[in-house]
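Have a look at these structures, which come just after this line.
Consider the two complexes below, in which subunit A is the common component and subunit B and subunit C are the respective partners.
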Partner chain A sequence: MSDTAATLTQDRQKLEMAALSAPAVIFTVAMIAFPVVYTIWLGFQTFSSTGKQSFAGLANYSRLVVDYEFWHGLWVTIALYVLSLALQIVFGVWLALVLFHAKRLPGIVRSLFISPFMMPPVVAGMMWLVILDPSLGAANYILQSFGLPPSDWLASPTWVIPTVALIDSWQWTPYVALIVLGGLQSLPPSVYEAAQIDGASPLKTFQRITLPLLLPTIVTAAILRSVDLLRFFDIIYITTQGGPGNASNTLNIYGFRVGFEFFNIGYASALMLTLTAIVFGAVLAFNRLRGAVAW
Partner chain B sequence: MKARMLATHVALPVVAIAAVTVPSHAADFDWMKFKGKTVTFLANNNPVSQALLTYKADFEKLTGMTLKVDGYQEQQMRQRLVTVMNANSDEVDVFMTLPSREGEQFAAAGWYGDLTGVAKSEVAKEYDPNGLSQALLKAATFGGKLTSMPMNIEGPIFYYRTDIFKKCGLEAPKTIKDVEAAAEKLKTCDSGVTPFVSRGLKPAVAYTFSNMLHNIGGSYIANGKSNLCSAKGKEALDTYSRLLRDFGPPGVVNYSFQQISALYRSGRAAMSFESSNELRTVMEGGARLKDTGLLPFPAGEAGQVPTTIGWGMAISSHSKQPEAAWYFVQWATSPEVQKKMALQGIAPPRPSVAKDPEYRKWIEEEPVRKEWQAALDVLATKGSSEVGYPIVANPESREFIGQAVQDLILKQKTVEQACADADKALDALIAQK
Partner chain C sequence: MTDAANTDRWIRRLNLVQLVLAGVIIMAPTVWMVLSSFKPSFEVTAYPPTLVFSPTLDNYVELTKTTPFLSYALNSLIVTVGSTALGLLFGIPAAFAVSWTRISWPAILTLAARMAPGTLFLLPWYVMFRQIGMIGSFTALILSHAVITLPIVIWVLLPSFDGIPRSVFEAAQVDGCSVTRILWRIALPLVASGVAVSAILAFVFSWNYFLFALVLSNGDTKTLIAAAFNFIGEGSTQWGALMAAATLIALPPLVLAALVQRWLVSGLTLGAVKG
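Presenting the complex of A and B:
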């Protein structure tokens, strides 16, 4: 076959492949693009309490700047995000190390370690709501049986964010651990053999070898958890609905209430697009960090 | 302004109710008229719809229609409805609604089909629209249009432990002051129980707080402005929050009906102010059957003005088959079906059903049921359906009432600060068109 004929065949194959995959590509792009474009459009509309719609220009975004609830929601979202992510990364790495070194741990114990994140968040939320009930829950019973004072947990404006962060960390730390465990298993054994020959202590080995080599994996886990944590909704909605007062009113909860309880879909869209921009910002920042720590 | 208000709030409902109460039964009313059609019902998955849907097959057999049920929890049901109605979709024919909460809003948005005409002309002879609670029909009438038919009657009532009261030498409270005094005494007499529990969760507070406010003699609006900072408003805020803060369970700010019923049923609360609908849940297992007394909430300076509401069945204004949908609404709110539901503990919105011998027999079986029915009778005759502000943005107004109560329970503000902040936000809501 001549070169020209081969090129023509290749071009034809490419065209055929493009034609065959086009419907799926168009469908997927439309499914992603339509809701985004529609939400952007809604963000420029205003809806009265009776559902009457009119063009509002940038009014929803200028309202956002002076809306105390928005800034408060942003603060709660960030506080919850930072606290939860820190807990999940620290305990996730620790759990991964335990699972990596305890090779003789029975399968059932390993499964139990990672089971929380397989539980639907609504079920987890309901379960913790019962456990943390200040009057009827097991948590205060346990505290008091050790002579410790009871806590209001989710009913305390001071403790609600740490408590929600603990619930989310209980559920998602095993997920981080699984990712980190994958990273641990792929580390080159030769580096450890060299360290052993040099007489490095286990702590030094962890500090100087394991942690730096694991950083890209940890950053990947952080990116995945960041997206989820900034969109955090279900557990808060089940356990506190943003309360007490507005102490756990994240941007997501606030946007949901504005949209579906007060029917102002336009302002809710503006709120959610702002949150989306924040999520993108966080992901981009972590991506840069991942580039910096890659080896 | 006053004349206009009179026309809106009194004359137009009277006209609409008159339309219902003068039925001209179609002599040839045929339940099979829409045989083969499918009616979609958006239901709140609560005890009322659960009791109703027990008889779904009866409806399908009677009419030859298919009933497609789209059931969700209350909040999710509203989300679904908002989505469907904003899209002008005909996916839903009939939906459950709380006129006291969203009535003004949905009516202003044009989401309710007008039932005034069909309730007059398209009724089976056994339907008896006269027999439905006139107060609930009035509460479901907006701008002269009847928007839904009542499914049940309910309201917050006062549950108390007769055995603990007896042990502590207490009488059943007759006034709000008696409730406070009883709570104080119970705290020392039996430290193992929570003296008083009611709703503390922000969006849920208005349901019980409204009863307290009205009993004390307060009102939500005066001269077009929010009235929480009036003397009576402040007294109501102070009394309600103090009862929960000083005598309620820890964490009461997250309490709604689920937690309240669980606490009372487990024997760990001496007084509970919660919905009449919770009777079945509270009596589950039978532990509270013999030691519970029931009353309408004790009187304040304005006497007893209980909160009385009811779920209604409305037809979507976007339904392509409102006539067939009306047949379902009519069947579901008929005396026969409401009697069956009553025997499952759903308080009937028809006095005739409440007097039915079979229902009376069920009531007489347990003293607590007799007290429950007696309390409901007071609700039916004296009740007010005002839960939160009587404005289009009623759901949002409940948030600010709840916020003020929570601020006081958590001691984050003084009464003056809490009511002033709430009034400021609520005045803005009232001013909204």
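Presenting the complex of A and C:
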């Protein structure tokens, strides 16, 4: 008797739990899962100039293989990704070490360090657009006062990718630093003491002890940044829109323009699915790496 | 011994120098933006750039006169508050259920939005919202931005709910409380600070989000971020107004982030790092 009552309460409880999750699940299915399936279907469609849509089979994908702009976009995406990630990891770890050894960090300093990545990327783009202006910007004035040649920055086809990487790294290096700082603070102090007793130099301690122990945290930071960097959009769209020419036309920018400027929804869908596959591939690869460096 | 103490002091000084250097690099662009927004128009584009000037509010006045800045700001507020509220409404019960049952797939499902490029959703949304005539509506904007806020709410709240001792719930259950009642009456008050942090983070990221409003808004519903594009279009000589716009757009997220800076990083990594 009491057993049936218990199962009854348990069933009731399961039902109540399902009801609590239901709004979030239904919303996510309606706004993400269903649209993604729809995008897969759209990827097999072609849209004529009058907006009429018809089945195209794999035409969008075979077009992608021979589309110069796609391969160029992939190259820009990867170049920007590798450069930005390297800058942010290297300087992020450096900044984390500096913060770690500062011991006392007043709240105001922390607020200051989070301010770049809490402001909209669009605002970061606006401010750097003014600072990096080739003729009147403050950046070139500083370069010249040190006797260095001025740069065209965002207006230069050669320098636009490093410049965008620099802007994004200005925004997100402090974020990487704070994640790595969290990792540093959670390391057991005993390992340092042991190293000190053994008379290891600070450099050697970092190389042999701190860095290997920090690797899982660094890989986590790299995953979080990869997801954003491979979809790079805001800063480029606000500053160069993929220019000059197509020098900063990342896959995400290219796909967006194909979809919403040329209204070729079918081909844009094929492009975006390919980009999504790349992002998920990178995350899976890093997850493996995280497993390999775990301790 | 004095040698070691000396080295120690030098290392400390070196560290301080590096800290100040990093601080200057991080702060300088933002300071420059704010300074430029208060410069008289002839001085904004002065070359060499000036650091000393008599500050003026002209740029802000011009911004509100020549652009519908305030109505854009109101649009941003409607979309951001709406999507944050929706994220909390759906996210709080879901986070509680995931924490209680240890069935985590609903939480992981919402993370998809954090991984895929926004354009992937935007293409089908555009086709669907156009068919039902919802392009440019606040409803479409709020729904799309809730895709950003929902995973933030769920993943920030999960560790908070996990932190409540199970015995608290069990005692309530013995007293005959329903699950829903336990959530609202017992669990929610215990995680109030977590709810505040998740709400603030959701607000900030919804406010900052650019892509969706670029396509789903129209002249009447354009958000500040989507309109930023128009401010740039007004010509490179309007730097003062541009920097005034940038300053005002960045102000709400920066003020809010300063309030929650202590919990920010663990919240932002969506459960990947415990801070």
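As a working rule, the second predicted complex is superposed on the first by the 260 of 295 C-alpha atoms of A that agree within 3 Å, B and C clash if a C-alpha of one lies under 4 Å from a C-alpha of the other, contacts with A are read in each partner's own complex, and residues count from 1 in each chain.
In the analysis below, contacts are C-beta pairs under 8 Å (C-beta built on N, C-alpha and C of every residue); 3 or more make two chains touch, one makes a residue touch a chain.
Keep in mind that what you see is a predicted model, and the values were worked out from it rather than measured.
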Three-chain arrangement built on subunit A, subunit B and subunit C clash or fit: clash
First, second, both or neither for A:Pro134, with subunit B first and subunit C second: first
Subunit B versus subunit C as contact partner of A:Pro23, first or second or both or neither: second
Partner chain in contact with A:Val227 - subunit B first, subunit C second, else both or neither: second
Which partner reaches more residues of subunit A (counting touched residues only), subunit B or subunit C: C
Which of subunit B and subunit C A:Ser48 touches, first, second, both or neither: first
First, second, both or neither for A:Phe262, with subunit B first and subunit C second: first
Partner chain(s) touched by A:Ala155 [first = subunit B, second = subunit C, both, neither]: first
Which of subunit B and subunit C A:Ile179 touches, first, second, both or neither: second
Touched partner set for A:Gly245, first subunit B, second subunit C, both or neither: first
Which superposed partner A:Pro116 touches (first subunit B, second subunit C, both, neither): second
Subunit C collision site on subunit B, chosen from 254-262, 308-316 or 380-388, when both complexes are overlaid on chain A: 254-262
Shared contact residues on subunit A - subunit B and subunit C: 133, 135-136, 260, 265
Subunit C contact footprint on subunit A (complex, rising order): 13, 16-21, 23-25, 27-29, 31-36, 38-39, 42, 94-95, 98-99, 101-102, 107, 109-116, 118-124, 126-131, 133, 135-136, 138, 141, 170, 174-175, 178-179, 182-183, 202, 217, 220-221, 223-224, 227, 230-231, 233-234, 237-238, 252, 255-256, 259-260, 265, 268-269, 272-273, 275-276, 279-280, 283
Subunit A-touching residues of subunit B, taken from the complex the two chains share: 75, 78-79, 82, 85-86, 105, 108-111, 194, 201-203, 249-254, 259, 262-263, 266, 268, 392-393, 395-396, 399, 403, 406-407, 410, 412, 432-433
Residues on subunit C engaged by subunit A in the complex (per definition of touch): 11-12, 15-16, 18-19, 22-23, 25-27, 29-30, 32-33, 36, 45, 47-49, 89-91, 93-94, 96-98, 100-101, 106, 109-110, 112-128, 143-144, 146-147, 150, 154, 178-180, 183, 204, 207-208, 210-211, 214-215, 225, 228-229, 231-232, 236, 239, 242-243, 245-246, 249-250, 253-254, 257-258, 261-262, 264-266, 268-269, 272-275
Residue ranges of subunit A touching subunit B (in the complex, touch as defined): 48-52, 133-136, 150, 152-157, 239-246, 257, 260-263, 265
